[in-house]
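Two complexes are shown next, each including subunit A; its partner changes from subunit B in the first to subunit C in the second.
Coming up: the complex of A and B.
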């Protein structure tokens, strides 16, 4: 059955591609048109990854490919007001917010906005024509689809997404928040493509939120390319809170130049099938990458974090830390890969993955992998799978704290390692609240999604008398 | 360190095969290639019962449908399986009358390793006088074993003498279709060792292939089967630290260990086969499947290995922890130099409750070599309160080599604890400087530091091996530091 369904979906994609290629690639320059063609051929050969592929052996996509999805080539009407659909307000957190609805950039008809300091935010499709040089220089240069069927699929079919350009010597004070929403009346497959370029000596904080606002099935395949120029700093946050029927493939490719700094923090709170793939290439000496992640999954959810850090040149440092709590039937995968290339001497790389399993039905697969071809390096990794510390639990219980509360407190403390790394206070508080709510089981997505709309002024607190501890 | 011994080592490891064994083509040799007839021939030559022939044929038919695995981090030219002679009766060694006839270079290596005179004679094929030690040792040794009821003989002998035991346990841990090389071995294995420790018996000596003189040339498809019956204990040693000059390029062995209730089996290996020359030409391809099963409750299997030889090592000694409270251990030191490649590690499959496992792996790479650790720790749903600790460290000597770590961890229950940690680093200049300053040459200092690094594993080795293994580490790394 599944086989047939998977064949069907590939056929449907092929048909969609041939039928709509003209409108899909309407604004392509010759290189991008060529890229599309090549990517489609690659996808045709590779297809959707199955569990026979090493990197997918623990994430079975067939469970979400056994149904049909619709594809969309028509842009969203620009008169849709995203605010009517969804609000994601963090108290006291002032952001420049942009919305992507069903894969299309939405901003009341204004497709590209240039701010006073030269910052450009807008639709990638519009940027194809408005900033041909930047697009030519960066688009499709980092996301390698040669052995990645989903990245190939995205490259072949993607039509729009967010384009951000920070010119040289510009520090963007206000964080940019990018909200990707799905609101389709049917099960849909969406290819979203983002391009973020940071010039030299610049700084940007980007918050990338993926949310659902209805209960339909969706399959979003995102490819984001980030170019971080010399001495620049990108603070990148990913917040994932989707319904249980959604599939989210989130591929991020980071090109990090000399003395540049990447700090990426992914928080996955809910979602049917989430796969985050991060590829960070430390391309100039003195660069640094921090890749952090937290996942809290329950029910039948599946989370997969693939992190690849490529130490291509000497004197770079990287730090990876992923933590997760899995309950019910949830399954988690962590696959970290640090590659230290020949001559990338004086590399310092760290990788760690810690997991807590709350239920006997939950499964975790972790594989922290080091591949090292240089000798003057300090690389280490660690992985643990365990439970809440029985002694700590006893300590709390002996002080009259209920089992549920003690458990929650310990889980919260476990997650706090990652949450505390968020450098923006307002955002950290907000995520902290979300994590608490999530741990209390209050965070579930309903049809109307009331979660974000009633943004509280009050911080969420555990109902625990701390004076006893 | 002076130049001379260095040269000797280089020459010993690189020189053409020129002494010791001689090849007599007129011997009992099957034609090249592999097909059902060859398998029938092997089986007939060895006078095997029909069920074993069927087992071989079955394995062969599975093998023909399998493809060679490519997932390991190894590169080698394709192996032509039809270009191999699958059966040759043990070749008689040319006996030398005294050690004076032995290549002095080889003797120098032996001395360096601290191998006793008697053993040197045995290793280099000198006829050993029937009165002197080793044989009398062998005789008393056999008598002791017999008295205890321990069965220890070559695999072929076991097939004739204890067919029921062989039939019951052969392939029960490593099924004939387990993997490509296991299938090949199951089809064509020629000989190996068989060991059975009866109920409640504690084997008083370290069992070693050393004492089983007729098995010295077991060939390239070795098959070992060790059965520890309820409440028994045995420590088994395989291999030796002396350089083994073997003509067969491809080795595909299988070792199966069965530990029943309360039994403990300790298996130690030192492997020092020909690693190829400095340019990476030649050398042994070693594709081994080693697996033990803790079948009964409270049983224990422990693997200790020191891997310094072979051009290619593909080897994952594993333990299936089936019985409740059973214990699995894996201690490994793998050294690669020049163009050697090692992809080795362990698998711990926890099935029973309260099972525990430990993995300590120390990789040392030098020259242009690649050294990988690949391991799997799996806690199944039933394995409540399972516990694993893994530590995989890599030491890099030189900037042309590689060290890789692939730990797979899969946990399916909430009460197990799995920990994995690994580090990769080089010998720090500070340490070397400290030693140099105190008059210790760089080479000796490296030997010292490496031994300290590998100590955790070396101390697991039986006394017989431990001292030699330490020296072996230093010898293997000689010339690796510029």
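Coming up: the complex of A and C.
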């Protein structure tokens, strides 16, 4: 383990890369080794994005780079029992659950599991060796790092993560849940890499949870690549509940083939600095992408959702809807970019971002952006920023409902719009409950934790100045 | 029950109510009529507790309590109900959840336990039946996508559920066709009891054919300028508001 000094964090990463390249790239094939090198050069050139970069104008990463992080290249001991660390309780929700601890796939030493129906779940690092053809075909093919310093950093340094392969014609009945946990004894920087491949005519429900169970400052830089083959369907959920000191960079690249369908729903409940980047390429006609998000931020938290939908071919549809409630000094960014390429006729794309600011110190920067080169398209976008509707507040209160509960009902109603789109009942009920708890101030990030770590349990509450509404 | 003494109210430095006096007793139905912009809706909103107004003077007593000191929700729990002229759509809040929350919060205020779920549902069914309200209204979000008539019926339904002591219906008749008007009026008539009272605000005499008032007031330019029996409404209908103006000019 080595320390990355705070002032020259880039230099320290450079040193780390050169010093440990042998272990980092131990199982790389020549292409991946080349990719690593290229990515590292790109990172060296671009560095961490600063606010001079247009897409980072309102997300100042320097606030989390002015500290030191440790960095490790040794895997987690496989005898660590993830169940002892964390249980994500979703009543009645039967899943195949896998855990990534501090960036390392953990499963009692069994690094790859092939199920009866052909489904493979396991460590990405193990898959490099065990599934060279699949890795060769998909790894690093979608996450474009050429102008993305953080994706480049991840590609250069990532060592492990989750690998999921759904073969052609396989419908995976049981949802797969991947829980990424950080439990470190010091502040750490982690590169996590996931690869999810769906063959033709297949179906997968994937729940991606990011949680902290420690109280340290961590910087998690995740890149996930998703390939959704013809006629396949990926139902993807992201649930983010991190501590207030954590930085979570979550880049997801989706390649969506003909008549395939993506539904991605990201619920950000808590976190210090969260940046979600979603890139959906509608690559085959008849494909569809739903990209939804809900964020509930307060105190000094920062949330940034960057959504890029690329209509590359004709006859595709996409639907983006993001909603957020921000309180205290919380800040948010929404940047929705829809690109309709020249040949992508009969595109139908919809985009919307709605925000409620509870305090006058909370800020949101929302920027819908349509870039259209085809002529036969239907595109619409909209963004709203507002306070809770005073008329609705009066209406509820005039029936005898207290100020606090009226406010709660309206916030909940605002959020419910996104939560209600979760198609699995058990998961929807659970998230619904978490959202209610979050709004009521009853959620703590250690809520689910059975490990009584010495971290102070944090109460996560919206403290609202009532005089303002 | 309700006593309003010399109530003066302004909004944006403009005086809207310029000395209102009104006395409503249990069992009575009062009608307040008057042309647009004379302060009818302001009066209703001020009683219910809308806080966008400046109270310049006067008092509003409800069963001995000074209403102006109470927050909106406590006025409701004391038994005041406002039927809105423009009911608000609240997407995402189901009618059932809304009504149950409202009913139970009012019960809590009065020191009662929450109503058991089965009892609550039975009450919903009973009131729906009574008011000829279709099930679909209560299965949806509050007023969302309701037609004008449905919204007004929904106001009456809420009134029936909450059983207020004093209901103020602010132009509940506006925008209603004759069938919807009859349903709304029937609802009010069925809910009339010796221990409750209604203040019906209307622009037209038409509603008063179905809800027969004990006392009719004419509100003009922020003041009640005439009060009388139901015949006053008929006279007003016949002669128009110009007649009132002429009377005031003399």
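As a working rule, the second predicted complex is superposed on the first by the 438 of 469 C-alpha atoms of A that agree within 3 Å, B and C clash if a C-alpha of one lies under 4 Å from a C-alpha of the other, contacts with A are read in each partner's own complex, and residues count from 1 in each chain.
Criterion: contacts are C-beta pairs under 8 Å (C-beta built on N, C-alpha and C of every residue); 3 or more make two chains touch, one makes a residue touch a chain.
This structure is a prediction, so every number in the text was calculated from the model and none was measured.
Undergrad: Quick check on the superposed pair: does A:395 touch subunit B, subunit C, both, or neither? Answer first, second, both or neither.
TA: Once the two structures are laid over each other on A, A:395 reaches subunit C alone.
Undergrad: Determine, under the contact definition given at the top, whether A:328 touches first (subunit B), second (subunit C), both, or neither.
TA: neither
Undergrad: With the two complexes superposed on chain A, say which partner A:405 touches: subunit B (first), subunit C (second), both, or neither.
TA: second
Undergrad: Does subunit B (first) or subunit C (second) touch A:414, or do both, or does neither?
TA: In the superposition, A:414 touches subunit C alone.
Undergrad: Which one hits more subunit A residues, subunit B or subunit C?
TA: After superposition, B is the partner touching more of subunit A.
Undergrad: With both complexes overlaid on chain A, does A:60 touch subunit B (first), subunit C (second), both or neither?
TA: In the superposed model, A:60 contacts neither subunit B nor subunit C.
Undergrad: Inside the complex, what are the residues of subunit C that reach subunit A?
TA: So the residues of subunit C touching subunit A come out as 48-50, 71-73, 75-77, 81-82, 84, 87-88, 90-93, 97-98, 101-103, 105-106, 109, 141, 158, 162.
Undergrad: Under the stated contact criterion, what part of subunit A meets subunit B in this complex?
TA: For this pair, the touching residues of subunit A are 54, 58, 342-343, 345, 355, 357-360, 362-387.
Undergrad: Which residues of subunit A touch subunit C in their complex?
TA: For subunit A paired with subunit C, touching residues are 389, 391-392, 394-403, 405-406, 409-410, 412-414, 416-417.
Undergrad: Over in the complex, which subunit B residues touch subunit A? Could you list them?
TA: Where subunit B meets subunit A, its residues are 71, 379, 381, 394, 396-426.
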